[in-house]
Amino acid sequence: MAGNSFGQLLRLTTFGESHGAAVGGILDGCPAGLLLDLDFIQGELNRRRPGQSDVVSLRNEKDELQIVSGIFEGKTTGAPIAFWVQNQDQHPADYAEMKDVFRPSHAGFAYEQKYGIYDYRGGGRASARETLARVAGGAIAKLFLKQTGITINAYVSQIGTVKLEKPYGELDLSKTEESPVRCPDEAVSSEMVDLITKLKNAGDTTGGIITCIIRHVPPALGEPVFDKLQANLAKAMLSIPAAKGFEYGSGFAGVSMKGSEHNDPWAYEHGKITTSTNFSGGIQGGISNGEDIYFRVAFKPVATLMQLQEMINRQGEKMKINPKGRHDVCVAPRAVPVVEAMAALVIADHYLWAKTN
Amino acid sequence: MAGNSFGQLLRLTTFGESHGAAVGGILDGCPAGLLLDLDFIQGELNRRRPGQSDVVSLRNEKDELQIVSGIFEGKTTGAPIAFWVQNQDQHPADYAEMKDVFRPSHAGFAYEQKYGIYDYRGGGRASARETLARVAGGAIAKLFLKQTGITINAYVSQIGTVKLEKPYGELDLSKTEESPVRCPDEAVSSEMVDLITKLKNAGDTTGGIITCIIRHVPPALGEPVFDKLQANLAKAMLSIPAAKGFEYGSGFAGVSMKGSEHNDPWAYEHGKITTSTNFSGGIQGGISNGEDIYFRVAFKPVATLMQLQEMINRQGEKMKINPKGRHDVCVAPRAVPVVEAMAALVIADHYLWAKTN
Amino acid sequence: MAGNSFGQLLRLTTFGESHGAAVGGILDGCPAGLLLDLDFIQGELNRRRPGQSDVVSLRNEKDELQIVSGIFEGKTTGAPIAFWVQNQDQHPADYAEMKDVFRPSHAGFAYEQKYGIYDYRGGGRASARETLARVAGGAIAKLFLKQTGITINAYVSQIGTVKLEKPYGELDLSKTEESPVRCPDEAVSSEMVDLITKLKNAGDTTGGIITCIIRHVPPALGEPVFDKLQANLAKAMLSIPAAKGFEYGSGFAGVSMKGSEHNDPWAYEHGKITTSTNFSGGIQGGISNGEDIYFRVAFKPVATLMQLQEMINRQGEKMKINPKGRHDVCVAPRAVPVVEAMAALVIADHYLWAKTN
Amino acid sequence: MAGNSFGQLLRLTTFGESHGAAVGGILDGCPAGLLLDLDFIQGELNRRRPGQSDVVSLRNEKDELQIVSGIFEGKTTGAPIAFWVQNQDQHPADYAEMKDVFRPSHAGFAYEQKYGIYDYRGGGRASARETLARVAGGAIAKLFLKQTGITINAYVSQIGTVKLEKPYGELDLSKTEESPVRCPDEAVSSEMVDLITKLKNAGDTTGGIITCIIRHVPPALGEPVFDKLQANLAKAMLSIPAAKGFEYGSGFAGVSMKGSEHNDPWAYEHGKITTSTNFSGGIQGGISNGEDIYFRVAFKPVATLMQLQEMINRQGEKMKINPKGRHDVCVAPRAVPVVEAMAALVIADHYLWAKTN
């Protein structure tokens, strides 16, 4: 069980609310002897942090990570790695008005029905701030995967109506971080920024899509039936706040193809069996086949608008309230490191699992 | 771990290959005292069975279910319910040619890389026949859910290029089983049949989409972080053979909406808080909110074509082989009961879990 | 969860009641490529079987194992291994009288309180027959461990008041199977047989202790905190029907020693660090240290007596009934293969786990 | 997996080493709406704390607990409860000599064999300080159980050769905390103190036994096969540092009884079925039957002696070193709250589980 844990052999458990003392987690099962590059981990957190550019939310927290256990002389010891970031810059007063109302398309109503109690300040566990612990845990998983040669790169491929149509093979993914919206194509990035600016001025929001590419995965990861690699990637992605869809390889578009077009022809290159197309998305029968793994994650429009919004109270009375706080127009740019982190946790977990087959 | 198990409190473990003695499973955690309607369970298996109409595959097995344990005087006892279907109608000779070759877009290559051994007859655990155990386990979950009032209905909403555009609210889902392709709209069903016939004559295949509607779910199911209801539904669906994508509520299409359009306005009806639209798909913050849950699952074109196909052997030599065996043009019609079964397992598991909150 | 499953990477799930169609299980996670010696596995089942000698129970079932999945050309494929034994020789009429009464020190009352339903014939899941699936699963684990050099040997070290005082190092464990009570010391075995015969004639029963020795375990198995090797061994042993206690190394007797006597002095032999005594029982800090692992398991006197016994019905009325059926005087001799099987499952599971550290 | 987690529905994950920044944990799955009595929780930690009397170790840390998440307005919210205690009063210099040697009967050698790295300061995860997180998590479980009427009381029933022979029914358990060794019988307590003082003066140590009584458990807790209540209690107890044995009910002593003496006769009192003896220890077939649950846990003599001890270095060279630091003569008195905490976690977990049967 353990609804706040993810993974089997490499298991992340997270805790914390945006208006408590800290947000953090425990990463259990990380192999011993891994050199923990703290600058890299902090750098990943900084990528997730709000306020990185004027097109994303303005909340300015330092998000300084403290690692509390599981390290000795700079290396992992095999013991659980606990870490946290203290919360700062809280404005609980911003939420006073929210005490008795439910915001549209927010988790508050469902939480209260479930638990009979709801911390209305900042969304409780539904807060995007929880993803900070995923990014920290995922950064350690990335360090582990780095040793194996596996790389993970995500980028924004759609914001609202603006789409990046080019396949990932035609993009220079090293440019992703140069874009304020994490779109590696300069022209499309610029269109996306324009759209966000326009929406921001209107106090409105929109959705986005993130594409993620995992390379150099050895053929063997994933378990054939319920723990197919794509099944665990799908779970990982749909567990991210605001995610609404997941597809890998040819995905939804592949549905309308014929089998004769969709099958990936075999090729034989440099003494290795490979495929000349990759509609399979690097996974066959739930197991990685050595080709690139790629998938896309859809995120819904941000629910908190910077305009008067109609809410409802416990008595069923409607009222209009102007939300305070600091919110993004689109979550996709900041969700890029979260998608990478969750992917890293899945791949590293299956990497360890495959050692036991 | 346990890659062949699914669920936590209600846990299905499956076993069997299409060319072994039997395929079956164990359902553990089913509450005691549930009247097991064996006709209903067998009926669900019959829905999954090939050879139901001339537009689906011709393999004709009786798939007669035996329940071996966990029942006393017609009711569940709280003990694990083991069940199986014996395999019949095997033609291992059909697979002799496949011994040394890898078929395109099949699991064989990845299995052999992973395990160093591969049962080339019928796909091993990647066989669609494994889903029989899911349908049996899911049927028991449905019987459990029936007591709670929760209903689950899936149907085919796309085959190849033929799409059912009507939203589910405008369909009469009681007509699904009348359609040979399980599409409740007569006109679209007829178009789908035509497409399948045309592809069949050409020895080709295509993909499909299944839409699933879950109604009368009380607000409380799902855990806020990693075990969000949609995360476990996504895992369940992506664990089905040939599934390539999952989306719930507004899904991928919702990405290009504005927040002001996408937010579900609150309504107050019959003393109950509800919403007047349902882009959220019945889940907020990972927890059911009492509205209908609906999602879509994409299935890729069937990889086995009834035409000469290029294969490759372990030495990297290509050859063309005409596959034998009996295969569907599109998996979607027969996957409908599988989607329902996996959804039932997820919902029943979370229903039990919610009792402990 | 999954109360009918044991183990993590190597996971056994069992099913079946003594009066249903079959008893069996699924072993998931067994590495691929293991040659399954079916004679060995059947031989282990035969060791558990009643009716092996006139000092153990007379129920005579063949207990013929069928392996249904997970094997190809004699080797494991990495797929789940399902197996079962059909039940024969049932005398449900023996249990008709038991329908409305609770037997002393039996599980029936607790089952009925928990589930509201109870299969009074043969004890439901509390039947000793369930252990058959443990022995089958454990036999496969033993075959896996054999490749690593690890050996597991259990024997009866006490029956009722008759104790085998010699430490295991002074015994010839190859003689265990020659003894009708599985005690490798001929003189003590003979005393045990006498005691059992005397009790049998009196329609009475008694308890027993099994000692188990695990050799050649590499230093590395076990996880430091909650999954200490001894913690999982203790759970495994206390999950066996009728087990009442577990101790390893110096156990309860070590309590009254001084630290200066109890500490195991280091030795250095053949270029290897070892210890000259082994009060630690081969485990330090929850991790195997390379020395012999040894532990003892206490079993209570058999509750079913072959004499008039006072029972109680649901209305609280007492009555005396003469139990029918076939029962052992002491479970320990037949529990020897069960103890070994559970130990093998624990060690094999931790062996796989240690590959991921 | 997750070797640093315990429990299923109520799951404790712990972290921290005695020489890191903090020791703590996350308790996941605690039902919402529970009033967290912080004074009670801190009081439980204080019971575990060293330096409570001059017969236990002198390390004087405040062990002030901080609860970081999962509470709102004094009550649990259903979110994970994270907590920690900062480490103080560290004397790493005490351990400098230990850098290259292995202490007898300590975990260091096994850790280094397993992980290739070992934090020699204070024992890493093998430190008794880890149990602090168990006590904190267990205290919350106790608060939960308090609402159900279940009580848990442990006491010291043996130190070295000094035994408390009286059965628990003849003791006044409210006097346990008055005794410096947590033995509720004044005369025996006094003998124990004398023994400890004598051993302390000699720089020696000894073992102990803790007896634990759980009352008012409803008949229904425990799962019939692998998750028998006694199996999970045994795992919980053997996971405590220095524990060497576990027995419940009649335990090892019951082995030499006859079945006719050992069976618990039924009684009918106040309209309730009960038993007139309780050799079963409140559990039948793995399920609580409503009678008192009682068990005993053996602890080995403390390995660190306050005298010259022979150690060995990686090269196999022996040397004598005088250990520094602060150590108890016997762990049992301080382990009493740890035993209670682990028992509370097991019972609360099964209490939640039983809600789903």
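In this document, chain identifiers A, B, C and D correspond to the written order of the chains, with residue numbering beginning at 1 in each.
Convention: a contact is a pair of C-beta atoms (placed from the backbone, for glycine too) under 8 Å apart; a residue touches a chain by one contact, two chains touch by 3 or more.
Predicted model only: the values in this text are computed from it and were never measured.
Novice: Can you spot which of A-C, A-B or A-D is a repeat of the C-D interface, where more than half the contact pairs line up?
Specialist: Within A-C, A-B or A-D, the interface duplicating C-D belongs to A-B.
Novice: Would you identify the chain whose Cα-based centre sits farthest away from the centre of chain D?
Specialist: Centroid comparison gives B as the farthest chain from chain D.
Novice: What is the distance in Å between the mean C-alpha positions of chain B and chain D?
Specialist: Using C-alpha averages as centres, the distance is 46 Å.
Novice: Could you put a whole-Å number on the gap between the CA centroids of chain B and chain C?
Specialist: 39
Novice: Residue numbers in chain C touching 2 or more other chains?
Specialist: Correct list: 1, 3-5, 8-9, 14, 29, 32, 78-79, 114-115, 124-125, 224, 353, 357.
Novice: How about chain A: which of its residues touch chain C in the complex?
Specialist: 1, 9, 29, 31-32, 78-79, 224, 352-353, 355-357
Novice: Within the complex, which stretch of chain B touches chain C?
Specialist: Touch list, chain B to chain C: 1-5, 8-9, 11, 13-17, 20-24, 26, 28-29, 32-33, 66, 68-72, 75, 77-82, 84, 114-119, 124-125.
Novice: Contact residues on chain C for chain D in the complex?
Specialist: Where chain C meets chain D, its residues are 1, 3-6, 8-9, 14, 102, 104-111, 113-115, 123-126, 130, 158, 160-161, 199, 204-209, 218-220, 222-228, 230-239, 241, 243-252, 254-266, 268, 271, 273, 275, 279-281, 283-290, 298-305, 307, 309-312, 316-318, 353-354, 357.
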